[in-house]
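There are two complexes below, and they share chain A, which is joined by chain B in the first and by chain C in the second.
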Partner chain A sequence: MMVVLLVLPLLSALFMLLWPRIAPLLALLTASVCSLVALQLLLLVSQQGSQQVLLAGWPSGLAISLEANSLSSLLILLTALLQLLVGLYAFATHRRDKLGAGFWPLSGMLQLGLTALWLSRDLFNLYVCLELLGIVAVALVSLSGDKAIKPALNYLLLSLFGSLCYLLGVAILYGAYGVLDITVLASQWQADLLSSTALLLMTLGLMLKAALWPLHGWLPAAHAAAPAPVSALLSALVVKGPLFILCLLWLQLAGATQVAAVAPWFAGCGLAALLLGGVSALRTPFAKNMVAYSTVAQLGYAMLALGLLLRFNQPLFAAALWLFVLAHALAKATCFLAVGEITATLGGKRISTLKGASQTMPLAMFAFAVAGGSLIGLPPSGGFLAKWALLQGLWLQGGQLFWLLVIVLATLLSAAYVFRAVVLAFNRADPVAPDFAPRILPQWLALLPALAVWAMALYSEPLLQLLKQEGL
Partner chain B sequence: MSPFWQQYLPLAIILSSLLPGLIIFTLKETQVKLRISLNLFGVGVKLLLVLLMWQAVKAGQQFYFSLPFLPGADLVLQGEALSLLFVVLSSVLWLATTIYAIGYLEQSPLRSRFFGYFSLCVSATVGLALAGNLVTFLLFYELLTLATFPLVVHRGTPESLAAGRRYLAYTLSGGVILMLGVALLHSLVQSPLFTPGGYVAAAISGNEGLLMLAFALMITGLGVKAALLPLHGWLPQAMVAPAPVSALLHAVAVVKAGAFGIIRLVYDVFGVESMQALQLAQPLMLLAAVTILYGSWRALAQQDIKRRLAYSTISQVSYITLGVAMLGPLAAVGGLVHLVHQGVMKITLFFCAGNFAETLGIHKIRELNGAGRRMPVTAMAFTLGALGMIGIPPTAGFISKWYLGLGVAEVGQNWLILVFALSGLLNAAYFLPVVYRMWFLPQTVPWPAEQRLSNRFETHWMLLLPATFTAILLLLMGLFASTELSPLSWAQLIVEREFRHD
Partner chain C sequence: MTDLSPQLLLYIVTAGGLFGIGLYGFIVGPQTLRRILALNIIGAGIFMLMVVLAYRGLADDASLPSTDPVLHALILTGLVVAVSATAFALALLARLNQAKAAQCSQDQLRHKQGPGQ
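Take a look at the complex of A and B:
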């Protein structure tokens, strides 16, 4: 099953290159099939526990091994579903937006890279996935044409630098231990200077790739320059890949002393991301930059949750971490698609383009507001569930008033930037041309993930069950 | 013993306004008839369902509907006496306001959006009333903020956008603080169902500080909507909203949501004994008393009709808080019944203010000279509402103040009598001159912007009917206070169930 999930996107990407004319059809077909298979996998894992596959019949230790636990299968399902949705959106708008034919095979490769990343438990395989993701992401950003060249190049260089840092760390570990499988490595782990250096190098590289504060500088320009469907994929999924690896490293590999040393730094970075990212989102004059800065800020929650998890080892923080990741993925996909649709239809890049959008494009604006509600963390959205878990964890620890204050501030900041756009949308609209007819289908597609994230209340119980199974 | 559909009754009551609202969003501006019929259909169904529930609850039945949500806190809708008090109030006043809004917004743009959010707003209010535990309450509390915001900024003018921003800044901050408090309480005692007598008593020893913190956080969060003293700044500004919205905001939806939340918190979460053990009542009482006087004092200085009414709301809603904070059964009856009475009275006053503004273009109090002759029915309704606010028999306002006064005597906080007397005087001082101007001063200048909205009546019948209806209602509630149908007897029933446990 896992092999199907990997081979199918690869094959379809190849066929897309051969027959570019049916590429959209192939992409949508692949994404739908993958979604179904991912759902099957999730059901299987939730009933029978983690599944492991050794590729090509090699014995353990030699073969590339794939391991699906409940979290990875959840992420795979999310990836496939978002690919399907974004594919539909891209197909519905590709004439108007002049999306390059390269989008389809590249998005197939993106799905391959992500799925492989969620399944790998080997430091080198993870490196390969990271590298693939980075290059595909850069190529996708550059689809926007000339204006995207600079941010794309910037992204490429930093991404390569990040990969190199990571690879260096992997090499040090391989030199010292001779194995790269995470479980095996963890059993032989010694918390000495060498392993600390390796961990730090890898962390640095991953933070750069995940745009975690203070290494986030490349993200707003790159995500804002990309075409709307690409930004949606990048913000929703791609930055989560390195974050996933980071969690693997610190939760499964690192020794207790190393964890204790780094936990406050992670929490501090999360705090800075939340506050500074929020302020930047509030101040930027461009619509897509606002959404991109909001990604920086929201990743701060994940970072904060990770820092607190490392420090207190309280399972609630793990739930909060992954709920943030899931809720943010869905909400951010909606944000980028909705804002992209509005700016493309009304013409303009600034936030002031949204003026009166509640009258001219009510559906897209509604989608943005609903997704914004989850970013703020209003009940019953997924963002609320995550925040609730975080708050519960903090109150249960006791004496964490500082962090509670930070969360309040961050919530208010996110409310401020979301409602800055929403208030503009409730302005009286400028008169539009008589033949003004926004398309309905893309707006509905933008709305779907937002509805899914608000409906999380309905499936929060099984979701929390799944996340609880997780040993991570 | 209860058929299975009864389980879904609370949900159906919410859906009866939510679904029409969602459909209304998709309608075109020109589909007026369909929109109006959908609206009225929703109102009708809701009233019918509420009637059903009312009869069952009176007979001692309880309704319960739940969905899994958070660990230790399901989404629970519960129909019992207290929730029904608020449900009945909002459903009946929704009927009046819907008719009023249809008349008020005739020919204005963006009506589908308006009525869509209007229905969402009522759904959120009813959901808040039916919420069975704190987490569910929090959910609807936030939804209410979101649903009312588009109504406040409906006109899209710079002032209304500024007011909307301010409204959001206050209410969202309040929401976050409330969430913090609810989360703290949840981490201490989970979030069980609201229970008469509260559920924190078992956890008091050892957690006094945290419980007090939780209470303070939640009162702050609720106090924003209930317009308690330092948190009231959004309310006077929100006056730029269209008249039906102001009416709804002040009488049913937002302000009342805060007051209702305080009632829940004091009686059904902490309970009288824990409140006394933690000594939480005294500060709350003090805060409410100061708000009452401050609101009245500020109202005195306002020259704009709606602004004066807004400050009057700040003062009057705190009567509810005060009645609750006194922790005596009689005072509780007074506070609860004032929740209903204040709603009906204030909605009457706002309907009338809207009528004057729409028909004659009057916004300032000094322009009202002689309005009683031009619009006698509206002026009569306004007079009744004003007398009610002052607390003159036989209006409804007298009943609530009577019970509040009895409550003061009962709990022995005699200084509060002074507060009531002073506030009553101030109420008279800012309402009676208005009434005097309408009836006894001759018209000196022409009406600012007169419109002929009807050939037979003084104004459009859809504007006149709701005001008359609520004015008669407030008179009836005062005259027949001792009968079984009155809000008073219902409040007594609630208090009886509430205080029975001790």
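Take a look at the complex of A and C:
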């Protein structure tokens, strides 16, 4: 089943290159089949526990091993569903937005890279997945033409540098222990200087690739320059890949002293990302940049949750971490699609373009506001669920007033930048006239993930249980 | 960690030096082409380190002919990734320069036609 999830996107991407004419059809078909298979995998894993496959029957250690626990199958399902949705949006708008034919095979490769990443538990396989993901993401950014080349090139260079740092760490670890599998490595782990250096190098590379503060500088330019469907995929999924590996490293490999040393730094970085990313989102004059900076800020929550999880080892923080990832993926997909649709129809890049959008494009604006509600953490939404888990964990620890205050401040900041857009949209005195009649279908498609993120609150109990157990 | 002979240590230090040179070039280098080359030098340093690590534990026992094959496989994979990434970066750089040249010639044209046109 896991092999199907990997082979299908790869094959379909290759066939799309052969027959570009039916590429959208193939892409949508692949994404829907993969969603079904991923759902089946999730059900299987939740019944029978985690599954492992050794490719081509090689013995363990030589073979490429794939392992699916409930968290990875949940992430695979999310990836496949978002691919399907973004594919539909891209198909609905590809004539108007002049999306290059390269989008379809590249999105297939993106799905392959992400699925392989969620399934790998081997340091070198993870490196290959990271590289694949990085190159495909850059190629997707460069689809929007000459303006995007410069940010894309910058993104590529930094991403390659990040991967090389990671690779150096892998080489050092392999030199010291002679194994690459994470579980085997964890059993032989010694918290000495060599392993600390390797971990630090890998962490640096991964933080650069995941755009975690203070290494986030490339993200707003790259995500804002990309076409709307691409930005949605990048912000929702691609930055989560390196974050996943980071969690694997620190939760499964690192020794207790190393964890204790690094936890405050992670929490501090998360805090700075929340505050500074929020302020940047509040100040930028461009609509897509605002959403991109909000990604930087929201990744701060995940980082903060990771830091607190390492510090206190409380399962609620693990749940908070992955709930943030899920809720942010859905909400950010909606934000980018809705803002892309509004700016394309109203013809402008600035936030002031949104003026009167509640009148001219009510559906897209509603989608943005609903997703913004989840970003702020208004109940009942996925974002609220995640924040509640985080606050509850802090409360149970006791005496963490500082962090509680910080989270309140960050919430206020995110509310400020979301309302900055929403307030403009309700300014009906002098609305920006649309360049052409707004289309209904793309707006509905943009609304779907926002509805899903609010529906997350309805299934909060099983989700919380699942993520508390499987905090990796 | 197995012990390394002085020869291997020399290679490791060289690999570290290559990494350092690349890092310096990547951070300081003002031109994009230089930064791409610097990334390749970093890559060369890491691959050299991996080649050397494949010989670890064999220094005192010369009767063992083979080295660690897993590392060789990793280096080959890494080389393929590095080559394709470099090619992609160079292609992007060429596109960027083309776009800049086109922009320049357009500007010149507008300049020649004079204002008000």
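As a working rule, the second predicted complex is superposed on the first by the 463 of 472 C-alpha atoms of A that agree within 3 Å, B and C clash if a C-alpha of one lies under 4 Å from a C-alpha of the other, contacts with A are read in each partner's own complex, and residues count from 1 in each chain.
Note that a contact is a pair of C-beta atoms (placed from the backbone, for glycine too) under 8 Å apart; a residue touches a chain by one contact, two chains touch by 3 or more.
Keep in mind that what you see is a predicted model, and the values were worked out from it rather than measured.
Colleague: Just checking: does A:D146 make contact with chain B only, chain C only, both, or neither of them? Give me first, second, both or neither.
Modeller: Only chain C; A:D146 stays clear of chain B.
Colleague: For A:A452, decide between first (touching chain B), second (touching chain C), both and neither.
Modeller: The answer is neither, since A:A452 touches no partner chain.
Colleague: Looking at the overlay, does A:W395 come into contact with chain B only (first), chain C only (second), both, or neither?
Modeller: first
Colleague: Which partner chains sit in contact with A:L404 here, chain B, chain C, both or neither? Use first/second/both/neither.
Modeller: Touch status of A:L404: first partner only.
Colleague: Which partner chains sit in contact with A:P379 here, chain B, chain C, both or neither? Use first/second/both/neither.
Modeller: In the superposition, A:P379 contacts chain B only.
Colleague: In the overlay, answer first, second, both or neither for which of chain B and chain C A:F419 touches.
Modeller: The answer is first: A:F419 touches chain B but not chain C.
Colleague: On the A-aligned overlay, A:L464 touches which partner chain: chain B = first, chain C = second, or both, or neither?
Modeller: A:L464 sits against chain B, while chain C stays out of touch.
Colleague: Using the touch definition up top, name the residues of chain A that touch chain B in the complex.
Modeller: Per the stated touch rule, the residues are 356, 358-359, 362, 369, 373, 376-380, 385, 387-388, 391-392, 395-396, 404, 408, 411-412, 415, 419, 422-423, 426-428, 457-458, 460-461, 464.
Colleague: Chain A touches which residues of chain B in the complex?
Modeller: Residues 25, 67-71, 75, 110, 113, 135, 138-139, 142-143, 146, 149-150, 153, 156-157, 161, 164-165, 168, 172-173, 175-177, 179-180, 183-184, 186-188.
Colleague: Within their complex, state which residues of chain C touch chain A.
Modeller: So the residues of chain C touching chain A come out as 1, 19, 26, 32, 35-36, 39, 42-43, 46, 49-50, 53, 56, 68, 70-71, 74, 77-78, 81, 84-85, 88-89, 92-93, 95-96, 99, 102.
Colleague: Using the touch definition from the top, list the residues of chain A that touch chain C in their complex.
Modeller: Those residues of chain A that touch chain C are 124, 127-128, 131, 135, 138-139, 142, 146, 149-150, 152-153, 156-157, 160-161, 164, 167-168, 171-172, 174-176, 178, 180, 194.
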